[in-house]
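What follows is a pair of complexes built around subunit A, which joins subunit B in one and subunit C in the other.
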Partner chain A sequence: MQRFARVEGILVEPIGHLWAAFSPATGETALLNDESASILEVLEIEPADTAAVCAVLSSDSGIAPDELFALVDGSWQQLTEVGLVRELPVSRNHPQ
Partner chain B sequence: MNKKLQDPTAHTSARRRLVRGAFAAPAALTLYSGSAFAATSLSCVAKEFRNPTYPAVITDLSPSDTYLRVPLYSLAGRSTPSTWINGSDINLLAQQIPGTDPPYITNFQWQCFSVGLSNVKINTVTVTPIAGIVYAGQPSRISNGALPMQNGSYVAIRINTNGKIVGVVGVGVPTGNTSAVHQSCWTSFKPA
Partner chain C sequence: MSAAASDRPRSLADVTQGAIAEALAVNGLWLDLGAVTLNVRSDSPVLAAQLKIVYGHYPFIDKGDWADAHIRIMQARGLRRWVRPQVVFYCDGRLAFDPFPADSPLPLLEWGANWLVAQRLNDLLLLHAGAVERDGFALLLPAMPGSGKSTLTAALTQRGWRLLSDEFGAYDPEAGVFRAMLKPVALKNASIEVIRDFAPDAVIGPVFPKTRKGRVAHLAANMASVQRRYETARPGAVVLPQWQKGSPTRWEPLAEHVLFPALSFNAFNYNLLGEAGFRAAITLVRQCLGWQLIYSDLDDALATIDAAWPGVVERHAQAEAS
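Coming up: the complex of A and B.
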């Protein structure tokens, strides 16, 4: 399973009902909803794959991990493009 | 699962703000600075409506494009994909301006922007999409459950004179005065 990490040095701050996230990688600020910011919080602890992120968010939201999977899996492209998340190279030592 | 991942953080936490039983599509929209334009714009909405604009779909969301836009999503079928607007993206913009009326679409709804040649499944119901119609949930491909993916294109949103987001450019029937809006105007907009 592909793993993702939070980009080093990003700043995430609450602004009203939303979150502003600055990426030093792109020099841009993105506006996030709670769901995107939650994914970054999970990755703040350590890099994780989609299933692990869903397991954590399942305990927070009360929604089954398999129902979250497609939503979280579909968010990686967007979070990567705005410079908040990076895809980790697959390691031979990491169990797939 | 690693137990470390289950520890909530002590500071203000997005995870704690998640509503139990609900999880919208994660959304992230890049902001571009419009401060220079906004500084000279005393009544930007009035200016926008003096010359209403309806910019076309674009595939390059660069700082040179100054319209407030949301991404388009494609749902691939056996042939031509249908394209969709994600209600989460629209609401993310609307929440920037507290006090404005709620937008025309909710967090969990999706609007068909263009039809493909395949039916889709929405909340377990098979649907023949119609461009412009807002649907109650996220569409998925009938054969394998695949979900819409961003296709790299963006459409401009339309607002009315009160600053309410009433649609996107390209679908739906505009009622009353509506126009696309520049990002700088939106970030400086204050509802009356």
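Coming up: the complex of A and C.
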């Protein structure tokens, strides 16, 4: 499965009910909901794929990983486009 | 940044129109706006009179040692000069914009100077907002289309608030303060009469009937604002104004996630500043209280702001004490 890493140097700050995130890679600022901010928090520890992120979020929230899968999987595109995460090349240790 | 100097502490109101015209024609007139100084040269026969009105309290400086930008407002040459006279705007020797009618050098100067400031002052986060000061704290009025930002800014300055700028909330991230970018307030269309009625003694320059933004007239900054243009202001509060015909005054607190985009995504140079801009915007959102103000009655709107202000000052005093 495709793995993602948090882009180095991003800034994430809580603002009211949302989060503001700045990417030094793109210079863009995005407003994130709690779910997207949580994904970035998980990736702060180490790169992960959708299943691994779901597992961590599930243990934090009590929501079943299956229920989180679509949400996490659907977040990668926006997070990547804004420059907050990057796709890692597929390695032999982490086959798709 | 602002280092213009003169041996003569006279204001533009103190000198003759001829002296201003001569300065414009020879070495230029230095306009010291606080955070920025402009050198303006012109051969326009009417600009001196217009400047004398709306920059009346500014020091008359015809020999300065520094300007952040050198502007020339010149009469268009060739057949234009006779058929449909125009003035053109040069910055640092380069033609910058489409010409304006020859009788409208002031709107061209004001518009062009704003553009230059927005392009060049990138040591500051330039929020697109009216900015006024009281008790050492800045009140920001971010510009949303049809918000009535200039009208409200102008009205506040006629009721004891110090004008920092009608156009720029000029935040210095290193010092953590707002700086004055003091120019006349550009009143447009109906707001000209609104301010005339609201403050009959206000000094308002000529009305220019056919600019790109409709009718425009410029409200002069008062003497106190000009004299205090080097005084900074700490972040105080943000009010998002919205004029709504017939509406009762509504005053509603705003959450940080509404304030942040209202400030940052509406700034002139937020993207250019990158991480520094982000950090500055976050700092402002953390420090400033925020409200939305929907109004139709200007007096009532001002009374609402005035009533809330002691709470703003108190909250900052508590924050500093802790």
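Just so we're on the same page, the second predicted complex is superposed on the first by the 94 of 96 C-alpha atoms of A that agree within 3 Å, B and C clash if a C-alpha of one lies under 4 Å from a C-alpha of the other, contacts with A are read in each partner's own complex, and residues count from 1 in each chain.
We take it that a contact is a pair of C-beta atoms (placed from the backbone, for glycine too) under 8 Å apart; a residue touches a chain by one contact, two chains touch by 3 or more.
For clarity, every value in this text was computed on a predicted model and none was experimentally measured.
In the superposition on chain A, A:11 makes contact with subunit C only, while subunit B stays out of contact range.
After superposition on the shared chain, subunit A has more residues touched by B, the comparison being subunit B against subunit C. In the superposition on chain A, A:24 contacts subunit C only, with no contact to subunit B.
Judged by the document's definition of touching, subunit A residues 14, 16-18, 20, 28-29, 31 lie at the interface with subunit B and also at the interface with subunit C.
Taken in their complex, subunit B has these residues touching subunit A: 1-2, 4-9, 12-32, 71, 88, 91-92, 95-96, 98, 145, 147-150. Per the touch definition, subunit C reaches subunit A in the complex via residues 255-261, 264-265, 270-271, 274-275, 278-279, 281-282, 285.
Looking at the complex, you find that subunit A touches subunit B at residues 12, 14, 16-21, 26, 28-42, 44-46, 48, 52, 55-57, 59-63, 67-68, 70-72, 74-75, 77-79, 82, 84. Note for the complex: subunit A touches subunit C at residues 11, 13-18, 20, 22, 24, 27-29, 31.
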